[in-house]
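Consider the two complexes below, in which subunit A is the common component and subunit B and subunit C are the respective partners.
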Partner chain A sequence: MFVNLAVQLVVLWALWTAVFAESGKELVGEWDLTGILSYGVMVFLTGRVVRGGDLQMAVASEIYDGSLSRYLLYPLNYGVTKYAQQLGNVFPNILQSIVMAACILPFMGSSSSVDLHVTGLLMCMPSLILAHLLFYIMGLLPQLVAFWADNVWSLSVLMRFITMLLGGATIPLSLFPEWSQGALAILPFRYLFEFPTLVILGKVSVNDWLTGLLTCAVWCVVMSLLVIPVWRRGNLRYTGVGI
Partner chain B sequence: MIKVQNLRKVFRVHKKPPGLSASLKSLFRRDWIEKVAVEGADFTVEEGEIVGLIGANGAGKTTLVKMLSGIIHPSAGEARVLGYNPWEKHDAFRRQISLIMGQKAQLWWDLPGADCFQLLREIYQIPQQQFDHQLNRLTQLLNVGEELNIQIRRLSLGERMKMELIAALLHSPRVVYLDEPTIGLDITTQKAVRDFLLSYRKEESPAMILTSHYMEDIERLCERIIIIREGELIYDGSLRKVIEQYAPYKRLTLHLQNQTLDESSKEIFSKMGEKVQIQSDQVSIQVPRKNVTEVAAELLRKFKIHDLSIDEPEISDTIEILMGGKDLRQE
Partner chain C sequence: MRYLRLYGQFLKFSFSRSLEYRLDFWFRIIMDCVFYFVEITIFLVLYQHTDLLGGWSLDQTLVFVCGYLVVDAVHMTVFSSNMWWLPIYVNKGDLDYYLVRPVSSLFFLSLRDFAANSFLNLIIAAGLLVWSILRLPGEISAVNLFWYLFLLGNGVVVHYTMQMFFEIPVFWLHTNRGLLNAFFSSTKLGERPDAIYPTWTRRILLTVIPFLLIAAVPARVFFEEPSIELISLSLGVSAIMFLLMVAFWKLALRSYSSASS
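Let's turn to the complex of A and B:
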């Protein structure tokens, strides 16, 4: 993980210093160089928390190899059980992210475009909790296609790529073209990575923060309403491997 | 406790010939076949009863068990287990059933048995006192007290199966499905598992459905069997009756008194029955059931016999005949 972050930092630094040097401007969009590098570091760290304990292909694998059967026998809700497992796995990521943030951020220098503050950290927590839940529910959808399709790996990877790109895990969404901003604000992706990161960096007002939390919660409900019928329909097709 | 009416399950299976061109073709047009796994199953199982479900591979035994445990949905028909529709998966229903699959580990491999059982205690909400008592009793019965703190993945197959049995019975289920619980186990462990199941039945009286390819499991544990062939239930009744009713022959074994068998003697045996086996002074003949008395009398007349015994055929032989194609529904 430390190596990942180091590589990420080097790439970000090389890319953005070149962009700033080429443009000859102090600001790109609303970001100065230190600010955009801070964004890069923070989105990497919050991303690790949001994706923490990532199920990856766990659900699809259980459908394919029949391990799902045991969960169908237990008197418990499969979705909640899997989320509990994911929560159990997220804590090492949280600890690592805190340690790395403490190591790196003091050396990032000052920026006019970001304001790291305790208030931002406190406001970020509910944003991260909701983002973690939304990421989990959204991740279930492509995996449940395993009830119908023989291989959902590529679909899952495609979903992951779209989520990262439109969620602001590579660059802030404010740098995307003007025409796309309306759609990006409505879609659920930005609440996964960009929103919690901007909250930490002190770039979200209290009103926008509350609106963001509410929107994220609504997306959690909407995604759950999509997942539940897919799960039920999929269950009708489940064979538990073999005859 | 278990009531099944006209239960049917049809799987729709994609069929693809070998080769690259067939693979490419199947991307655009797929050929499907319908495979009937269970066809119109009707039966009931009462409390304390162990019913053996027998059939060849792919006959539909496991599918039937999966339907009755609620894992898969039927294509048609009804089933009530403890008054519940299994595939509606009510928690109250799932708290009272258990499924042990000999071919599929259900415990968490990275955890020791003791931790797995604690997890199951939480899942089934078993009161601590009841849990301690039941765990203690089951570990003693299966003699695995010392293995409780060892990671499941590091246990032998037999020890793992014993752990699976404990895990499945911790919550004292009223209905237990056992899908080949002794598969791959050595003879000693098979016997231990069978003895354990018998003592568990005696104490808890659950309804049990057992599938197994080992006839000894069936003979030792089940008084009643259901034979399933290509999805259809072709026999439902007592294990003994299946032989009396459907074995078409008995086996006569004679020990001859210091007598050398010449070709003419062998010819006589061949006329009297089938599958003649001669080993020094011992002769064994398979004789049609209705001719047994007549053949025995004739043998006693023609040969000097030291001992003669008439035996029922092996249960496994009879069941093999039934599974192989004899149609009982017309009899």
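Let's turn to the complex of A and C:
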């Protein structure tokens, strides 16, 4: 955990210091140096919470080894049961993120482009809850391909690469070229990492925040509607190997 | 010669096995292509806001990134699957089967599984490297190119050696998941141009945890006059790291108790 954070800090600081120094600019996009460093730190910390629901290979493994069968006998929805299990995984991540934030933020310095305050923190909580749910549902889809394919590890990793880039976990999406902004705004990825981070940094107005929450909730519904038929079709193919 | 023949057998076996899972074969190729796309896109976005990064232009940085992708592709093809299995062998006691064979256990365990699907990605990564080199303005010196490719090969050895340092503690810890996470995070340090780091950080990344030797130093040698100092540093550090890793491996084997003991 601390190695991850240390590497993230070293790379962030070195990279953005070089960009600002070599471009000779005071602002890159709408960010000053302290602002973009704060973004990098906060997106790392909020990302840990959002990815706390990462299924990794849990669902696919249950399909492969047949342990899915017992869940099919329970009088519970499988997706909801797995989400409840994943929620339990989030709490250590939340605690770690709070500790790391407490260690780093006092040293971040002031920025003209970000405004860290309690309101942003409070507004961030529902954004994080929805982002966590959306990340879980999006992660479920490649896992369910395990009903058809012998190995879906690469699909899950592929999904991670895409969400990290298009979700703003690597670089703020506002720095992407103008022509891509329309598409990035429509896609669900930005609600995973960038949106909660911008909320906590005080860069989202109340109206935009409410619109963002609503859009994220709509994406959760859309993704769930995609998952349901895949789950049903997959169940028809499931043979319960391992019983 | 015996080791080459043995490696030939590894290749034959790995190709036939990977073709058994055809869907996974294609998933992995797509996954790596997306990884290449992401790595290149990050720098394309950064260069929207600056003309130079670590003293390199966009064209130079693309050569550096594509060089890194080639090293990564070689690693994925040759070593990665073997690294994945090593902790499982140690914990289940399956290492016994490899220790009793009349070949080096390190050779056997590091090279047995050749990822045939990643081999296609290696060709794609090499194609990207050729494309990025051809984009460079001006003439390319054959000497610089020779040293660049040679040092990229050395980068593969450094990458493998560094990962082994994070793998071997599994003999004592029985799980190295945390250590491997730390390793994969740390590789990010080598995915950025060396000149962006402050002097002391750069020194550490060239010697103690030499991630900059993987692709950044080869690229610097390619763009500047081949410096004897940098080349000797690269080869010297990687040789020392490799020998230390072999010694670490031997020490770890002494602590191996097998599953049944």
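Miscellaneous remarks
What we mean here is this: the second predicted complex is superposed on the first by the 240 of 243 C-alpha atoms of A that agree within 3 Å, B and C clash if a C-alpha of one lies under 4 Å from a C-alpha of the other, contacts with A are read in each partner's own complex, and residues count from 1 in each chain.
The rule is short, and it goes like this: contacts are C-beta pairs under 8 Å (C-beta built on N, C-alpha and C of every residue); 3 or more make two chains touch, one makes a residue touch a chain.
What you see is a predicted model, and the numbers here were worked out from it, not measured in a lab.
After overlaying the two complexes on the shared chain, residue contacts for A:73 are found with subunit B alone; subunit C is out of touch. Looking at the shared chain after the overlay, A:19 reaches subunit C, while subunit B stays out of its contact range. A simple residue count on subunit A separates subunit B from subunit C, and the partner touching more is C.
With both structures placed on the common chain, the touch criterion links A:104 to neither subunit B nor subunit C. In the superposition on chain A, A:146 contacts neither subunit B nor subunit C.
In the superposition on chain A, A:223 makes contact with neither subunit B nor subunit C.
By the document's definition of touching, of the two partners only subunit B reaches A:236; subunit C does not.
On subunit A, the surface touched by subunit B in one complex and the surface touched by subunit C in the other have no residue in common. Across the complex, subunit B is touched by residues 66-67, 69-70, 72-76, 235-236, 238-240, 242-243 of subunit A. Subunit B contributes residues 11, 35, 37, 58, 60, 62-63, 66, 69-73, 89, 91-92, 94-95, 97-99, 101, 104, 106, 123-124 to its touches with subunit A in the complex. Interface residues of subunit A, counted against subunit C in their complex, comprise 3-4, 7-8, 10-11, 14-15, 17-19, 22-23, 25, 28-29, 148-152, 154-155, 157-158, 161-162, 164-165, 170-171, 175-177. Those residues of subunit C that touch subunit A in the complex are listed here as 21, 23-24, 27-28, 30-31, 34-35, 38, 41-42, 45-46, 48-55, 181-182, 185-186, 188-189, 192-193, 195-198, 201.
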